[in-house]
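Chain lettering (A, B, C, D and E) follows the sequence in which the chains are written, and residue indices restart at 1 in each chain.
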Amino acid sequence: MVKLAHWISVLPFMAFWLNIMFGRKLGKLSAFISVGTSVMAALLAVLVCMGFMAGGSSYALTGWLTVNGQPITLGIIIDSLTVMMLLVVTIVGTLIQIYSIGYMSGDPRYSRFFAYISLFMASMLGLLLADNLLLLYIFWEGVGLCSCLLVAFWYEKPAAAAAGVKAFVTTRVGDTGLLLGILILLSLGNTLHFADMASVKGPESLVALAAVLIFLGAMGKSAQFPLHTWLPDAMEGPTAVSALIHAATMVAAGVYLVARLYGFFLAHPLALQMVACVGMISALMAASIACVTNDIKRILAYSTISQLGLMMLALGTGGYTGGTFHLMTHAFFKALLFLGAGSVIHAAHTQDIRAMGGLFTKMKMTSVTFIIGALALAGIMPFSGFWSKDEIFCAVWHHGNMWFFAALIATSFMTAFYMARLVLLAFFGASRLEKDVHESPLVMTGPLVVLAAFSAGLGLLGSPWCHGAFQHFIQAKDEAIGLNVPMAICSTMVSLSGIMGAYMIVVRNVKFPTWTWLKKMAVNKYYVDELYEVVFVRPFQRICVVSAVFDGACIDRAVNDVGRVVGACGQAVRRIQTGMIDRYLLVQAGGVLMLLVFILGKVCRIF
Amino acid sequence: MTHDILFILPEVVLAAGALFILVCGVFGCRRWLLGFLALASLTLAFFVLPGGSNTASSAFSGMLMGDAFGFAMRIFFLVATVLAVLLSMGYRWQDDDDAGEYFFFLLVATACMMLAVSSGNLMMLYLSVEMLSIVSYVLAGFLKRDIYSTEAGLKYFLFGALSTGLMLYGITLVYGLFGTLNLADINARLALSGVYAPTLILAAVLVFAGLAFKASIVPFHMWVADVYDGAPWPVAAFFSVAPKALGFALLVRVFFGSSALMHSGWPGITAVLAILTMTIGNLSAFHQDNVKRLLAFSSVGQAGYILAGLATGLLGLQAAFFYMIIYVFMNMGAFASAALLSPNRMDLAAYKGMGQRAPWGAMFFTMFLLSLAGLPPLAGFLAKFLVIRAAVEGHYFWLAAAVVLNSVIAFFYYLKVIKIMYMDKPASVKEVAISRDGYLLLAISCAAVIGFGLWPKPLLDILAVIFA
Amino acid sequence: MIPLGHYVLLSAFLFCVGLFGVLTQRNAIRFLISIEIMLNGANINLVAFNRYFGASDATGQVFALFVIGVAAAASVVGLVLVIAVYRLRKSVFIDDFNLLKW
Amino acid sequence: MPHILSTIIFLPLLGALVLAVIPARREALIRFTAAAFNAAVLGCVGALCVLFNHQNGGMQFAEDHSWIGQVGIRYSLGVDGVSLALVFLTALLGFLACLASDRIRTKVKGYFIVFQILMTGMLGTFLALDLVLFYMFWETVLIPMFFLIGIWGGPRREYAAWKFFFYTLAGSLIMLLGIVAVYFWAEPHSFSMITLARSTASLSPVVQGALFGAFFLAFAIKIPVFPFHTWLPDAHVEAPTPVSVILAGVLLKMGTYGLLRICVPLFPAAMTMLALPLGILGVINLVYGACVAFAQTDIKKMIAYSSVSHMGFVLLGVAAMNSTGFNGSLLEMFNHGIITGAMFLLVGVVYERAHTREIGAFGGLASVMPRYAFFLTFMALASLGLPGLSGFVGEFLSLAGVFVAFPSVAIAGAVGLIALVVLFLVMIKKMLWGSPGKGVSWPDMGLKEVCIILPLVVITLAVGFYPDSVLQYQKHTIDILVKLL
Amino acid sequence: MTETVFYIIAVSLCVFAVLSVTVKDVFHSAVWLALALLSVAGIFLSLDAAFLGVIQVLVYVGGIMTLFIFAIKLTARIGDRSIRQVSQQSVCGGIVSAGIFGVFLIIIYANQWNDMMLPPGQGIGLNGLGKALLTTYALPFEFISVLLLAALVGAIVIGKVKQ
């Protein structure tokens, strides 16, 4: 049963080629092809999961390359992490594709959209199934490409095109780090298979550098602190795309990579420490920005960066279960929030939450599901968010570093704050919309309900009632299985205070006079974009112009000058022939004299 | 006695043929018939040639010596003159008189060259060179009503008289030193004594001046451009091929044949002269806009390459003479196609768009120019390759580098002509007709250039025998 | 007794006077005159060497004879060319003939 | 088939002769016969690939006859792993360029005759084993290229043709000096590359260095390496599309092939000594090419400069001096030929419709010409080294190889790769995305144009997914080559 | 006694030669040349080459000088004595020819000819000369005739004026 795993990735790939080749002729049918294949992939994933439960194992496919004498073989890896991620990606992917049938109904390039989505699914699933770092890198770039194509799907808008390029280039910077990490490992003679990544040969410093570089790749893909600028701009793409790629699956690839190489990272505490720090910084920064942004999709984007920061923090502080569990739950409720936002935008035709209001009464289904997602994100008791965030609280507390714990509390507080603010502004209060608003069609609200169910129920897997089913499944090493009651109370209190804060500011509009400069910094996204513009983009353009001018002026002119010089001396020599016979005779007699003097001087040394 | 007569039978046949043509010319035969007669006498001389000369003998009490080198050169001159006669028949002359005298001079010149190259005595050598010069002055100034041709004739005379004067004085000094003018004895006495008196250097330089004038080596090359420019096309073509080859043959006979002179400073100096000849020849041709002067300077450049071969020892001799044989066909072909394509207008603008107006003619001309430049599949490349090989083998690296540098410069102006023919729009689109004899000549030279390019083995074997 | 050196010196002097004449004349005919002087210089050399090398063979004198013949032929052709140029250009001065240049 | 290599080389020449006979006004017949002959060559090369024995790394189908005995020049041909891929590339691109030549309407007969001679020259260069024979074919490529650029080229064609000709000629003549010098310095005097490989290894490094310098100069101009590259953009901009396909696809490879075939086996000591400078040159090529390309406004000049940076990768591969590096550089040569050939064909498609190459002139082509947009995006991604397409494999192997030898150079190379990515993505953004400009309403790619591009796309995908399809041919030869070092 | 005669003739020969080259008027230069040729004939007589002296007088002075006079009369316009006779490079010409003469002097005095005295006995007589002409040097003798013929034909071809 497990041997069919590679079909999970191949099926969507076939759907991609079908849609590309016969896109225009298929029209509406292309949606059903891609949804059909992802449903089949989901079923296969379930089968693989059962096969895995019954003791299935990873298997090899074919040999691919020999680098430095090391044969690199392609294979499929089957273990708890992969199975869990396969299930998450296929289920969320299918739901989002169903949702986008409605969302993209009027679009002229309808079939091309589903082609790209299928290609994305194929690459993402391939990434999960890859059993060595090189194959993972190949699908890694494929995923980056699809995100670029989908973000720039409405390429008539220059902003979308620029965002697509920015996304691909920034992730590509990260991927170069991953590539260099692979090259280092290869040059040290290791095979890149995950199985033997724990026991890597080579000098400590080099391998640590490799680990850091690989994490650089993960940072690029998961939009962590230095390379996060592309995710907010990526919101130019259709919301379904944002939901699928920039919330649930692709951005999770970075965390998946760190989790996959957890043995390797554990062997190098320095790299682990860096993971934690980067996670902390991203979480804090993104959360603070989210509190002050007014565009619904950008709030969710920054929230994603923040949550991923938390996951990285969890992994960095040894919380393998916390990180992975939060990864799973976050995929569901963040997808739900994005799709909810999508249906809100679809109906209200605006993204600015200050211009919305009172949607609760008009869009009952969307509002309820959205609120469930928000509560899950904020980490309120019964919902999945609470359980996974609780795991993270335990892991960080267990790690002992007070700075991390303080950052964790601050982030949870801010998370609760901006989600509550968003919900209050968008769904409650007076309606500031001009036109009336009506509920989205069933094809869009259906997936919302299913996702809401998942967001609510999934958390219970890790709760004591199912006596740690998820922990056993994920083969967690750390022993903090039982519910740590005081930690749970503390996290709930933090979330509730966050919500109260939002309520005070939004409904009671109480002015908090403190930290105005921090508020101004957050509004301007800490000037990171402008920094990159000044440090990287503009100097690069200037270097190019200078080198082009240099190329034309110096080298080209030098070459032409050589031709001119030879021409000039040709002209000079030609001038000797003046046609005057007496000069010729003189040259001849002079020639004889010179020859005489030269030979006598040389041969007989008379002179 | 019969052996002596047999030895010089070819020359006698040529002289008789020349006189016969002279007489026919007087009785008003047309140019084509006279040309045919000239060809007949040349072929007859060719068949008579092997009869008289077994390679070891000398005739007329040392006046002539019949070695393999002399024999080969005599065939060489016959072939060169056949090509020149063909060109003269194919070329459209302005006025058709004096055709008889023209062919008379051509044949007499060939007879002199054949005698000169097989002469074993400096007196005979001087007389035949002087005879050739006198005939050449007349040929250069042949079109007596055209101011350019007469000026060319006069310039050639003035330059030639001074050079042969120098050579004569050199020969008198040689006679003073050795008491005899017979080359064999001179070489023997030179090898014997080994003392290198300054007078001999003086004599050698003066004789070298005379011969270098013929072979257009640098300090004595000033006349080349003006005389070729002024002389009519077939005469210029003949000058660029036969007398130049004679110059080099005599240089080998007098200087490079005997070993005594070789080990002294001569090779170094000839190498320097070779570089000068190449460079000045190619550079002067760089900005030429008159095809004839361009080809004249290119022939000076080619003389430089041949001299480079001579400067580098035995392997170089073979390379130089292989180059010379190929040079005959390339250069005659180039001159012929230039002459046939635009006989009266010599500026490059006349050749604009020749690719459309005379496709075959232009193709032949391109073929010859590329061979002169040294493009691989053609024979020109192989010739240059052998010279470079000889230079590197003799450790004359800067000479080899000079040959390479010069062929880059040379490629420029050869390609400039090709560019003008194919890439510029023609002024007038009327077709340019080439006469039957013209095509025959072009075909022969083209066949030789391509044939020797692809299969040079027979030629190299002959040269190996000559310079064993 | 006259040493051979004097004869050779005399012929060398004549040769150089002829050369000087050739290099500095503007008139073609004076050019020819200088050429004649050079050739006579050579003749003296030839006859002197023949005489001083013991009268076994007559190479020198025969060669001198031929040189006189050749000089005659050369000056005939030279003069004809000069006259032909004069007929067209109405001048005998060498530096007027520079149509063929560069 | 005893003389398969000779038939491959001289079949195009035979085609040229046949074309010479056909009267100039029968253009259709001329195009058909030219295409037929090129197809025949492609067929022969295909047969060659099939008959080629992968396991045996040495020379196969060798032909060796004495040509000019006295001088020691032999007519010896042979194909092995190194040259097989390039011969196939030449035949394929020649055939496709021939099909794409329907844009040439003036002097068609002359065009195809010169084109066939060019093919003979290129095929001969890759198959010759005798240094002088190699040099002869190397030079025969010059004149046809000069005519092709000079007569059928763009506005500044003569200047470009001159520059191209004299740049390459100067280099190759210096190589001639090198060839003659090698002949005399090697112990058993010979021109054949195989015997020389054994005898020159004993030469002192200084002598090897000098000889290597002579050869390297000629190849550096052809590759082109940084200071000698200014002829490439001019030649590309002015050459008609099919000619620039051949120029980019094959002529650049003659330089790098020379490095692998002549410099590495003949001067191993010099190569190992100069590997680092070569690597540094490779990086300069890579970064400098991408930067200058980024600042170009003419699409063809941009792609020309991008070829300069791709050639940087090949140099990196060669500088690695190990089997992975050589495999990478050889594969990169093959891929670059395919990809850049396709890019130029695509540029030709747009140029034929818009008659301008300024990138500013086309915006938003994706909505006007979707099929063209797909192909251009595909090829742009392949050339920026997207994994899963052939570009990546070559670059990855070169980088992996160089990393073992010189880590810092490899890191600089990988960072330089980002410049390449930015270059091509911005090109796609400017040309395809954004709203279509005024008057941009051209028909999409016709069936013929698609059929020309399709084989190249298929090969790029095939090599990308399964690189062993090409690597298997060259693995064993390169192992032998590495053993020589 | 013969020495003094030789030296007188030699000195006069040098004076005549220099005068014929430097004098302004072309006609005077031709006359000085004639005198120089006569003194050369004298030199031949002093070297016991009587026949050569006679030939010299007959051919040179008689034949070639008349040719020159004809040519001068045909080309030189009367009274053009004022036109500059010396070319611009006269100074360089002088230097070069002086240089070459200097080299001659150095070499001749470094040579063994200086001390060679006149051997006893007469030079080659007329019959010796005649025998040499027709036996060892028969080929050049015939060759000279063809040369003169060619010069003749050449002169006619270029000289004749078309009716």
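The rule we apply is simple: contacts are C-beta pairs under 8 Å (C-beta built on N, C-alpha and C of every residue); 3 or more make two chains touch, one makes a residue touch a chain.
All figures in this text were calculated on a predicted structure; none of them were measured in a lab.
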item: Where chain A and chain E overlap in contact partners, by chain label; value: B, C
item: Most widely separated chain from chain B, with each centre as the mean of CA atoms; value: A
item: Most centrally placed chain - per-chain CA mean versus overall CA mean; value: D
item: Greatest separation from chain D - chain, by CA centre; value: E
item: Chain pair that, of all pairs, has the most C-beta pairs in contact; value: C-E
item: Centre-to-centre distance between chain E and chain C (centres being mean Cα positions), rounded to whole Å; value: 6
item: Centre distance in Å when chain D and chain E are each reduced to the mean of their C-alpha atoms; value: 73
item: Whole-Å separation of chain centres (CA-atom averages), chain A against chain D; value: 37
item: Inter-chain centre distance, chain C versus chain D - centres from mean C-alpha coordinates, in Å; value: 67
item: Per-residue overlap in chain B, given as positions that touch at least 2 other chains; value: 123, 127, 130, 134, 137-138, 141, 144-145, 150, 153-155, 158, 162, 176, 198, 202, 225-226, 412
item: Contacts with 2+ other chains: residues of chain D; value: 162, 166
item: Contacts with two or more other chains, residues of chain A listed in rising order; value: 574, 577, 579, 581-583, 585-586, 589-590, 592, 596, 600, 606
item: Set of all touching chain pairs, with the criterion as stated earlier; value: A-B, A-C, A-D, A-E, B-C, B-D, B-E, C-E
item: Interfacial residue positions of chain A with respect to chain B in the complex; value: 566-567, 569-571, 573-574, 576-577, 579, 581, 583-585, 587-592, 594-596, 598-600, 602-604, 606
item: Contact footprint of chain B on chain C as seen in their complex; value: 8, 11, 15, 18, 22, 28, 31-32, 35, 38-39, 41-42, 45-46, 49, 53, 59-60, 62-63, 66-67, 70, 73-74, 77-78, 81-82, 84-85, 88-89, 94, 97, 99-102
item: Partner chain E, residues of chain B touching it in the complex; value: 4, 8, 15, 22, 60-64, 97-98, 101, 104-105, 108, 111, 115, 123-124, 127-128, 130-131, 134-135, 137-138, 141-142, 144-145, 150, 153, 176, 197-199, 202
item: Residues on chain B engaged by chain A in the complex (per definition of touch); value: 154-155, 158-159, 162-163, 166, 196, 198, 201-202, 204-206, 208-209, 213, 218-220, 222-223, 225-226, 264-265, 268-269, 280, 283-288, 409, 412
item: Chain E residues within the chain A interface of the complex; value: 87-89, 92-93, 96-97, 99-100, 103, 106, 110
